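Two complexes, one shared chain (subunit A), two partners (subunit B, subunit C).
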Partner chain A sequence: MNILVFIKQVADTEARISLKSDKRSLEIENKYNMNFFDEFAVEEALKVKSKIKDSQITVCTYGAKKAVEALRTAIAMGADKAFLLDNTGLDNDDPLITSKILANFTKNGGFDLIFCGRQAIDDENANIGTMVAEFLDIPHVSAILKFDIIDEKKVVVESEIEGGKATLEVELPALFTTQKGINEPRVPLITGVMKAMKASINVIDPVTLGLSKDIIDTTASKISVLTYETPAGRPAVKIVDGETTGEKVKSLINILKEDAKVL
Partner chain B sequence: MSKDIFVFVECKNGSIRKVSFELLSKAKEISEKLSSIVYAVIIGSDVEAAANNLQEFADKVIVVNNEKLKNYRWDTYIHVMEQLIRKYTPYAVFGASTVTGKDIFPRLAAKFNGAIISDAVGAVLEGEIIKIKKPLFGGKIISWVACKDDSTFFVTFRPNSFSVEKRPSNGELIYEALDVAEDARINLVRVDKAESKKVDLQEADFIICGGRGMKGPENFQILEEIAEIMEGRVGASRAVVDSKWRDYDDQIGKSGKTVSPKLYIGCGVSGALHHTMGMDTSKVIVAVNKDPNALIFQYADYGIVDDLFDVLPLLKEGLLKTKQEV
Partner chain C sequence: MDFKLTEEQEFFKKTVVDTIDRIVVPKSQEIDEKDEFPWETWKEFTSLGYLGLRYPEEIGGMNADKVMCMTFYEEIARGSVGLAQGVNMNILMGTYFIHRFGSDSIKERCLYPAMRGEKISTMCFTEDQSGSDLGATRTTAVRDGDGWRINGTKMWITNGPICDFCTVLATTDPSKGLKGLNFFLVEKGTPGFSNGQIIHKLGCRGTVTGELVFDNVWVPYENFLGAELGKGVFYVGDILGEVRLMTGAMALGIASGAYAEALEFSKKRIAFGQHIGNYQLIREKLAEMDMLMNAARLMVYYGAWLLENGMDSRIVAAEAKMFATEVCLKVVDELTRIYGANAFAYEYTPQRYFRDARFLLYGGGTHEVLKDFIGRTITGKL
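Let's look at the complex of A and B:
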């Protein structure tokens, strides 16, 4: 099986993020990880590889040069090959463009199976997977919780739907986005980390993927950021006092009724 | 191009979800200023009764009623939406940032080569431009974005982003008999509906959330009772879900659900950033924790420092009394 996993490098949950003075750009502390939901995608690819002989796992990201770190994490987990589609000079953040670039990369690779995380934890968009599937004209299943290979042409998956779960039989090639709960992503072994440090990462200029520059450069973006803000913080907490627990609760309910007007 | 707005309506157990009314209310407010039309689009099987309830919220209600749409599949739903968008050429398509919305909207946008903004929380009309408000990095940053309107654009909004306001309207019902084609590469084998909990976590106005301080799964019973009194839902922190005390469906936070209820009460929740990112857009936050230095108090409006096992029975009693008075 020829397996492809899309990953994204995202700012760590704890990273400090502030506005630059123009309010049109952000200063992000240099703390990055592989996106939480993408770890499930890499793990699921590894599980397939352990079941189907001669499988190969390629990981790919569209991002800045530093995103090679996330690719190395995937290699440390066990992925075979890594590609960085370098966005230097293509400073846009439009899912339509990102998915076109990833789809064009995929077209040339002859992949049977594509995994990616259900969404990125920085923008919480959940756009890229299904959009790439559309540009490739292949089926997708979002937020999968179980994945079973039937044969090289068919899989059975369980996915989250509104108010329950659906079981689907899907013909390959197809794309699947992974939900928490599908597996327990492995922690790379030290030997994996050593291998990843030495691994060569293929860096590709997206322009060479057969998309003309005017489709992928900044001017092609259909979304413009008008401004960034920091959210208005909450005033300091009011600790509800009272001699007894009963008094505290009584006083709280009063406040919620009279001041906050939420009861 | 017109400035008409499509709202993709979602149903749950045959009735329209609150989030769809929220979206229609916002769309109507915008369209009145643009002198355009709001279409409520409802598709499924046996949706006629539900469709009638949309007439007060939209200028026109497009109904696609087809047995083939009984079970949700993105391929059939997108096929129907695609035909409707081609026919009515709306300026914008609004939907909810729900499991279904997230499955349909990006792929639909790709089909139309249209802009997509997902998981937004606000919309403001400035001149002729619809400015969309979208949190980033778990709410640490708010971005305001706009779409180029050279093609239809698509936006999904989180539940509880807008209030529901009925505007005088008596939307005409339009029944569209459309072709519904399934993608032959996908076979829906089975649908397992989870035991239907009363309210969707993301749509709940009231959430009482348990953290590790709840000490064990058996202690969530009282939270369930309080949630029932308040017609809300029980939520859980990641620690609780990872310990298998509660289902993943209950998880609030970065790797779970993002919620914005009117009232959130955290019980024995420490207030790790991971969790607060999923709830700090709640209108009012109350924290109950015996540790006065718990992080959660930095995010709360009101706090009680006490043993939650003493607080909860009294809280239940107090809330029940309040409900009975109303």
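Let's look at the complex of A and C:
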């Protein structure tokens, strides 16, 4: 079985992120990881590979050169091949363009099965998987929680829907986005780490995928960021004064009336 | 000068950090509180293959360079020193002589299972009257038929009470002092080889440390680990630089764990209406901690670079060990001050860092002995 996994390198949840002075771009500390939901996608692909003999897993990302690190992590986990679709000079935030690029990479690859995370934890768009499937004209199921191979042409999946779960039978090739709970992503073995350190990562210029530059570069984006804003900071905790419990209650009532004006 | 890690080293570091965060950090407080060997965490962690870190790929190792080794030693200590002591013993001291001098059958029996975490190893130097002063070693090994007869008691042996095999330092000729010292392999189950007292420690809890007793233990000739008799002390010299740098790296690990805790706390804790990180006196502490750790890190990794490139690292390794462990003490002390009274409570982590940091003062040589060594080496060059 020929399996493809889309991954994305995102800022670590503990990375310091601040707004640049123009408020339209971000200053991100140099701490990046594979997207949380994509780890489930890689793990699910590995589980399929362990069941279906001679399966091969390809991982692919559209991103900056640094994203090679996320691809290496996938190889350390057990993926076989990795492709970086280098976005140097093409950087934009439009998921439609990213999806076109990923779909063009995929269309001649003969993939039976495509996995990706249900959303990236940086922009939270949750668009890529479904849009790629539409461009490829193949079925897709979002936020899957269970994946069973029936044979090399058919799978049964359970997906999360509003207020419950749905069980679906899907013909391959198809695309599935993975939800937390589907599996427990493995910790790479040292042998995997060594393989990943030595692996040669294929770097592709997206322009060579049959898409002209004017439809994938920054000017083609239908989305432009006007401003970013940080969440309002939490106000400092106020300790209510008073020697006794009664005094503290009185003081609290006074604050609720005078300061908070909720009474 | 190029201080940049290679892409491979960066990737290795990131993977180790993630692995330690996932497997070790969540267990660190429990390991300390129980003060028992953490078998479950040991199995989970060692199954990943890290125990073969410094050995060749042909025998299942990783052939990691010394910078990668330091990264590993630092990170596992950040996770849990209780686990790190046992793990690092299997990676370095406990298996070094077996790998270097062991016969094929010894390697099959001891080295390869130890690299997989299936067997636990240790190295026995210290006795009641000797540690840094190796010349005072009283354990003896005497030729007896086709083998050796070993007698003596070793103390402060990391992994000792749970080891499957050990490399024992013994004198084959007490009249020769340091030149009479040699190493021997003794395996669990050998008649006369037994555990003595377990030492209950202030820190590094979870590491099992204790006495090993060799009472008329007979081992075959092939258990002598060396190319020729009387060279044991030179072999010690070959490994000592790495052991000292490893101790420095572990100190950095504890310090960086403590620093992260201090930074986090200073962002959360509110006093007099604002986060304590806003106060200059707290910022001064964080700046001091960061500065000292950066200096210590430069020393430890410079030593690793010297070692990797086959250059003389003896003085730098001793200095890095001393400096990094002293920095570690300072950093954990500042953590306890930033944390306030809660640092004194067993429910919180600062007290663990505070206790663990003390232990690294002694391993790899006391600072008094190291300063004397550095001074002698320097003046010897005049």
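By our rule, the second predicted complex is superposed on the first by the 238 of 263 C-alpha atoms of A that agree within 3 Å, B and C clash if a C-alpha of one lies under 4 Å from a C-alpha of the other, contacts with A are read in each partner's own complex, and residues count from 1 in each chain.
We take it that a contact is a pair of C-beta atoms (placed from the backbone, for glycine too) under 8 Å apart; a residue touches a chain by one contact, two chains touch by 3 or more.
Please read these numbers as outputs of a predicted model, since none were measured by experiment.
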*With everything superposed onto subunit A, say whether subunit B and subunit C fit together or clash.*
fit
*Using the superposed model, measure off the angle between the directions from the CA centre of subunit A to subunit B and to subunit C, in steps of 10°.*
120
*Report for A:V187: first if it touches subunit B alone, second if subunit C alone, otherwise both or neither.*
second
*A:T130 contacts which: subunit B (first), subunit C (second), both, neither?*
first
*Taking the superposition as given, does A:L96 touch the first partner, subunit B, the second, subunit C, both, or neither?*
first
_Which of subunit B and subunit C A:K248 touches, first, second, both or neither_ = first
*State whether A:M197 touches subunit B only (first), subunit C only (second), both chains, or neither.*
second
*On the superposed three-chain arrangement, identify whether subunit B or subunit C touches more subunit A residues.*
B
*First (subunit B), second (subunit C), both or neither: which does A:V237 touch?*
both
*asked:* Contacts for A:E69 in the overlay, against subunit B (first) and subunit C (second): which applies, first, second, both or neither?
replied: second
*After superposing the two complexes, find the smallest distance in angstrom between C-alpha atoms of subunit B and C-alpha atoms of subunit C.*
5
*asked:* By the touch definition above, which subunit A residues appear in both interfaces, subunit B in one complex and subunit C in the other?
replied: 237-238
*asked:* Taking the touch rule as given, give the residues of subunit A at its contact with subunit C in the complex, in rising order.
replied: 33, 68-69, 72-73, 76, 187-191, 193-194, 196-198, 236-238
*subunit A-touching residues of subunit B, taken from the complex the two chains share*: 10, 12-13, 71-72, 74-75, 98-100, 102-103, 106-107, 109-111, 113-119, 131, 134-148, 150-151, 153, 183, 185-194, 196, 248, 254-256, 258, 262-263, 273-274, 277, 280, 283-287, 292, 297-307, 310-311, 314-315, 318-319, 322
*Residues of subunit C touching subunit A in the complex*: 7-8, 10-12, 14-15, 18-19, 22-23, 47-50, 52-53, 57, 62, 270, 273-274
*Would you tell me which residues of subunit A are touching subunit B in their complex?*
11, 13-15, 17, 19, 26, 36-37, 94-96, 99, 119, 121-128, 130-131, 133-135, 138-143, 156, 160-171, 174, 180-181, 221-231, 234-235, 237-240, 245-246, 248-250, 252-253, 255-257, 260, 262-263
